[in-house]
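See the structures that follow.
Next come two complexes built around chain A: one with chain B, the other with chain C.
Moving on, here comes the complex of A and B:
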C-alpha cells in the first residue's frame, strides 16, 4: 500500500543504534563468561562475615577518640587528626586543580581547531597561510597527542611512577593528579570550544573583530558556563583522588583510613569516612549553587 | 572616532553559486548613502545572499561588490575588518552571547574598532563613559532598564533590541538587517522595523532590510527592491508599486521556485 500512495517505506527499527546496543550486550556476556563471574562468588566465608559485621556495626558509632590502648604523648585528638587530614586532602586537591586548570587552558587552546581552521576574510598573506596550513595543524597534533598520553595513564599509576622516581614527595602527589586532570580538562575545553554555537563568533566577525577577539568573546566566553561546570565536577573528583593517594603514604585522609582499617579500628575508619563525605556534600551543594547561577 | 557617513553599496553583475544552485545571478544594484531600502521576495529568492555580499560575509562567484566605492575583492583582511566595523549587521538569529550582560553584548559591537587589550577591558568591565553611551542607545531602542541584565533572561523582542543596539554602538554608516521580524510576534514586528527606519533617518544611515512582509516594506521604506529566483524583479519607489506587482512577484515565484534556494 505504502508504495502505491507514494509514502516512503518505514525504516527497519534496528539500525546502527540498535546494532550498537546489541553488540554491547554480546560484549558484556563474553566478558562475564571470560572472567568466569558467578553470583556464588559473593557468598563470604564465616571469617569474612564477622569482619564485615564488625565493620558495618561501627557505622552508627564512629570513634570520637583514638581506639588504640596507648597513643604517644602529644598525639592530636582523633577529631583534630581527621580535620587536619581532610584539610591536607583539600589542599592537595586545590594545588593539583590549579595546575590542571593551567594545563587545561593552554592545551585546551592548542588542541582546539577553532583558532586556525577558519579562512580569513580578505586576501591571505603568505605568513598567514603558513600559520593556518602548517603551524596550526602541527600544534594541534602535538598537543592532542600530549593530552591523550597524560590522560590514558590513571592518576594512581602516575602516583606510582612518581613514587618510584622521586620518593614520597608532596609535589609528586600534586603532579600525579594534575597531569591526567590537565589532560581531561584540555580535552573537554577544546571540544566545548570547538562545538560552541558559532553565531556569536560570526556576529563579531561581521562587526570587524579580529581573530583573537572573535575566539575569546565569541567562543570562549560563550562556553564559560560549560567550562566552569566541568571544572567544578573535576574538582570534586580531585578531592576523591587526593583522598585515595593517602593509600600510597601521602598524608591525606586515605593514609589514616588505611592505617585504622589495618589495625581493625573500624570506628576511626567511619569517622574519617564521614568527614570525607561531609566535605564532598558541602562541595556538591556549593558547586550546584554556582552552576545554577552561571548556566 | 566620528561616525562614518552613510555608506553606499553597489553590485555589478554579481553572481553567487552554492555548488549547482545559483542563489543570485548577474545582479546589478546601487544603494546610495543614506537610502532606506527593503529587499522583498519569496524564500530562496536571494535576499539574505545579497545582504551577506554587502559586508563581504559572502564573496561573489562572479561580478564585483563595492562598499563606499571600494571593490571588496581588492581589500586586505585588515581593510575588510575596517570596512565591516562601519557596517552594523542585525542577523535573523541575533547571534548574541547569552551568558553576558546586555551592556557587554552591546560593547562587543565595537570590538572591531578596539585593540585586543582595550576590548578585553571594555567588554568585561566597561568604563563609565561606555556605560553612559550604551545606556543612551538602549534608551533609544526602549530597553534601558535592562542594561545590566543577563541577555538570555530577556524576551525575544528585547533580545532583538539588544542586537540593534549592538549594531548602533558600532557607530556604523549603514545597517543591514536580515528578516528582523521573524524573531518576534507580528505586532512587535512593525515596531521593530519602524524603529530601525527612524534611527536610520535620524542618523543619516544607509539601511538595507530584507523582509517577507510586503505591506510593512511598502509602508515603511521609500525604496523597494524585489528579488525573484536570484534576480531583481523590480526596483522602484514604494509609492509606485501596485498590489498587482506584489501578486505577480509571488505568483511567478510559485511556478519557478519549487527547488531549494538560499
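Moving on, here comes the complex of A and C:
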C-alpha cells in the first residue's frame, strides 16, 4: 500500500507497546498492594534511623585498624585482612568461571542445533543420518534440560544445597557459582552460535569442509567477540556472587562485611565495601575497554 | 608457482588480520587468572570424598524424602497431598511474594534507571545536543554539562557495583518489617544496569531525526520526551524484561534476610531441619524462574 501511494512506511511499528506499558503499570500496582507495602515504611523508625545515621556517618572515614577493643595476638591488620578477603573473593570467582566456561563450552555445543540440524552437503551415509536424526536431537534435548535446571536455581540456593548435604567446603562454593553460570554461558553460547550468519559456514561446507570444521571455523570463530563479551559480563557477576557467598559462611569479603556490621563496627564495613567496590569498578572499566576494542 | 602465490597471499592476510595488543594482553591475563585461582587458593577435592562428608550426604539423601514417605514405598498420591500441604502452608504465599517483589522492583528500576540513562547519554547531556549552536557555549556551561554527565555516569556505576543481596542486607537493618529492603535493593542494582544499557542505546539512535528536531528549535527535554524515548522504547523494554528475569531469580533468595518471599520459607525449613521441604521449595523457586523466563520471552517478542 505504502509503495502505491508513494508514502514511505514508518520505520518503527508501534504494535502492542502501549498494552505492554499499561500491563507493567498494572502488574506493579498489584505487586505493591499484594506485598502490603506503604510508602511510609520506607522511612526508618527511630531505631533504624540511628543505625542508618551511625552507618552512613562512617562513609567518609572507613576504619584503617580494627575497631574492636581487643583482638587476639597475631590477627592481621584490617587493611591486610580486607586485601586477603578480596583476594579470596577473586580466587573463588575465577575458579568458578573456569569451571563455568568449561560447562558453557561443552553444553553450549551440545545445546546448539547448528551442528546437526543443517542439511548435509552430499549423499548421506547411514552413520551420518543416525548422528543427525538420532544422536543430535537426543543430545540436544538432554543438554537443554540440564542447562535449564542448573540455571533456574540461584547460586546461593546451590550453595545452600551443598551446605546442607556436604557441609562447608570451598570447592562446593565454587561449584555453586559454576553450575548456574555454566548454564547461562551454555544458553548464550548455543544461541549466539545458532544465530550467527551462515554465509561463511555454507561456503566452507561447499568447499568440502567436514561438519565439525564448519562448526568451528564457520560459526564459532564468527561469534567469538559476542561470546567473549558475554563471558566478561559473567566474570563481573561472578565477583559479586563470590562476595555474597561470604554471607553463607565462606571466607570471601561478604563474611567480614556481615561480621563487622553485626558488631556495629561500621568503619570496618566501609573499608570492606570500598575495597569490593574498587575491584568491581576496575573490572567494569577494564571489561568495557576490552569490549569496545573487540567489536 | 600458483601455490607459492597463494601462500604469500595467505601470509599477507595473516599479517593484516586485526590485532589489538590491549585485548590480547587482557584476555591472556584473564586466562592466567583462571588457572592461577586454583593454585592461589587450595580447593580441596577431599571435601566430597571424606567419609564424614559422604556420610553427611547419605543422610541428606534420606532426609529429602518427603516425611510421609520416609519408611514406605514411593506413592505419588501421598506425595501429591504432601506437596499440596507445603504449598498451602508457605509455597503459594512466598511464590506470590517473590514475584511481587521482582515486579515492583523492576518497575521502580525502570523509571529511575531510564531517567538517569537520558542524563548519562553523551548525545543528550551536552551543551550542544545533536547540532552545533550558532555561537559556541561558554566554558562554564560546557563544564556544567560535563559535570552533570559524569555525575550521572558515576551514580549509575555505584548503583550497580554492589550485589543486590548485600544492599538488601544493609537495608534490612534500616527499614525492617516489610519487603521494602528487597524491593529497594533490587531496584538500586537494576536501575544502575538499565541506566547503562539505556544510555548506550540512546547514544546509538540514528541522529538524523533528532538533529532535525533540534534544527527546528525543539528544546533538549522536548527531544528527549518526543524524539528519543519513543524510538528507543523497544530496546528499553527489551532490556527491561531481560533484567526482570534476573530480578525474579534474585528475589527467590533475598527473602532469607527475613521478609515474605521464597528465600524466607527456604531458610525457615533449613532451620527446622526439614530438608524435604527445603528441596521442594528450591524446586518451586526453579519453576518460578522458568515461568518468569517464559513470560519475559513472550513480552520481548511483543515489543520487538
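Points worth noting:
The rule we apply is simple: the second predicted complex is superposed on the first by the 277 of 295 C-alpha atoms of A that agree within 3 Å, B and C clash if a C-alpha of one lies under 4 Å from a C-alpha of the other, contacts with A are read in each partner's own complex, and residues count from 1 in each chain.
Here is the rule we use: contacts are C-beta pairs under 8 Å (C-beta built on N, C-alpha and C of every residue); 3 or more make two chains touch, one makes a residue touch a chain.
This one's a predicted model, so the numbers in the text were calculated from it and none came from an experiment.
Superposition note: with chain A as the common reference, chain B and chain C are in steric clash. After overlaying the two complexes on the shared chain, residue contacts for A:36 are found with chain C alone; chain B is out of touch.
Shared-chain residue A:240: touches chain C; no touch with chain B. In the superposed model, A:210 lies in contact with chain B only, and not with chain C. Shared-chain residue A:20: touches chain C; no touch with chain B. When the two complexes are overlaid on their common chain A, residue A:294 makes contact with chain B and with chain C alike.
In the superposition on chain A, A:44 makes contact with chain C only, while chain B stays out of contact range. With both structures placed on the common chain, the touch criterion links A:61 to neither chain B nor chain C. When the two structures are aligned on the shared chain, A:199 is found in touch with chain B, with no touch to chain C.
Ranked by how many residues of chain A each touches, chain B and chain C are led by C. In the superposition on chain A, no contact is made by A:77 with either chain B or chain C. Clashing C-alpha atoms with chain C after superposition occur in a single stretch of chain B, namely 133-141 (options considered: 61-69, 115-123 or 133-141).
Applying the stated touch rule to the two superposed structures, the overlap between the chain B and chain C interfaces on chain A comprises residues 294.
Across the interface of their complex, chain C is touched by residues 12, 15-17, 19-21, 24-25, 27-28, 30-32, 34-38, 41-44, 48-49, 51-52, 55, 87-88, 90-95, 97-98, 101, 148-149, 151-154, 156-157, 160-161, 164-167, 169-172, 174, 228, 235, 240-241, 243-244, 247, 254, 257-258, 261, 273, 276-277, 280-281, 284, 286, 289-290, 293-294 of chain A. Note for the complex: chain B touches chain A at residues 55-57, 75-89, 91, 93-100, 108-114, 116, 119-120, 123, 166-167, 170.
Taken together, the chain C residues at the contact with chain A in this complex read 20, 22-23, 26-27, 30, 33-38, 40-41, 43-45, 47-48, 52-53, 56-57, 60-61, 96-97, 99-101, 103-104, 107-108, 110, 157-158, 161-163, 165-166, 169-170, 173-180, 183-184, 230-231, 233-234, 237, 240, 249-250, 252-253, 256, 260, 266, 270, 275, 278-279, 282, 285-287, 289-290, 293, 299, 302-303. If you check the complex, the residues on chain A that touch chain B are 120-125, 128, 199-200, 202-210, 212-213, 216-218, 221-222, 224-225, 294.
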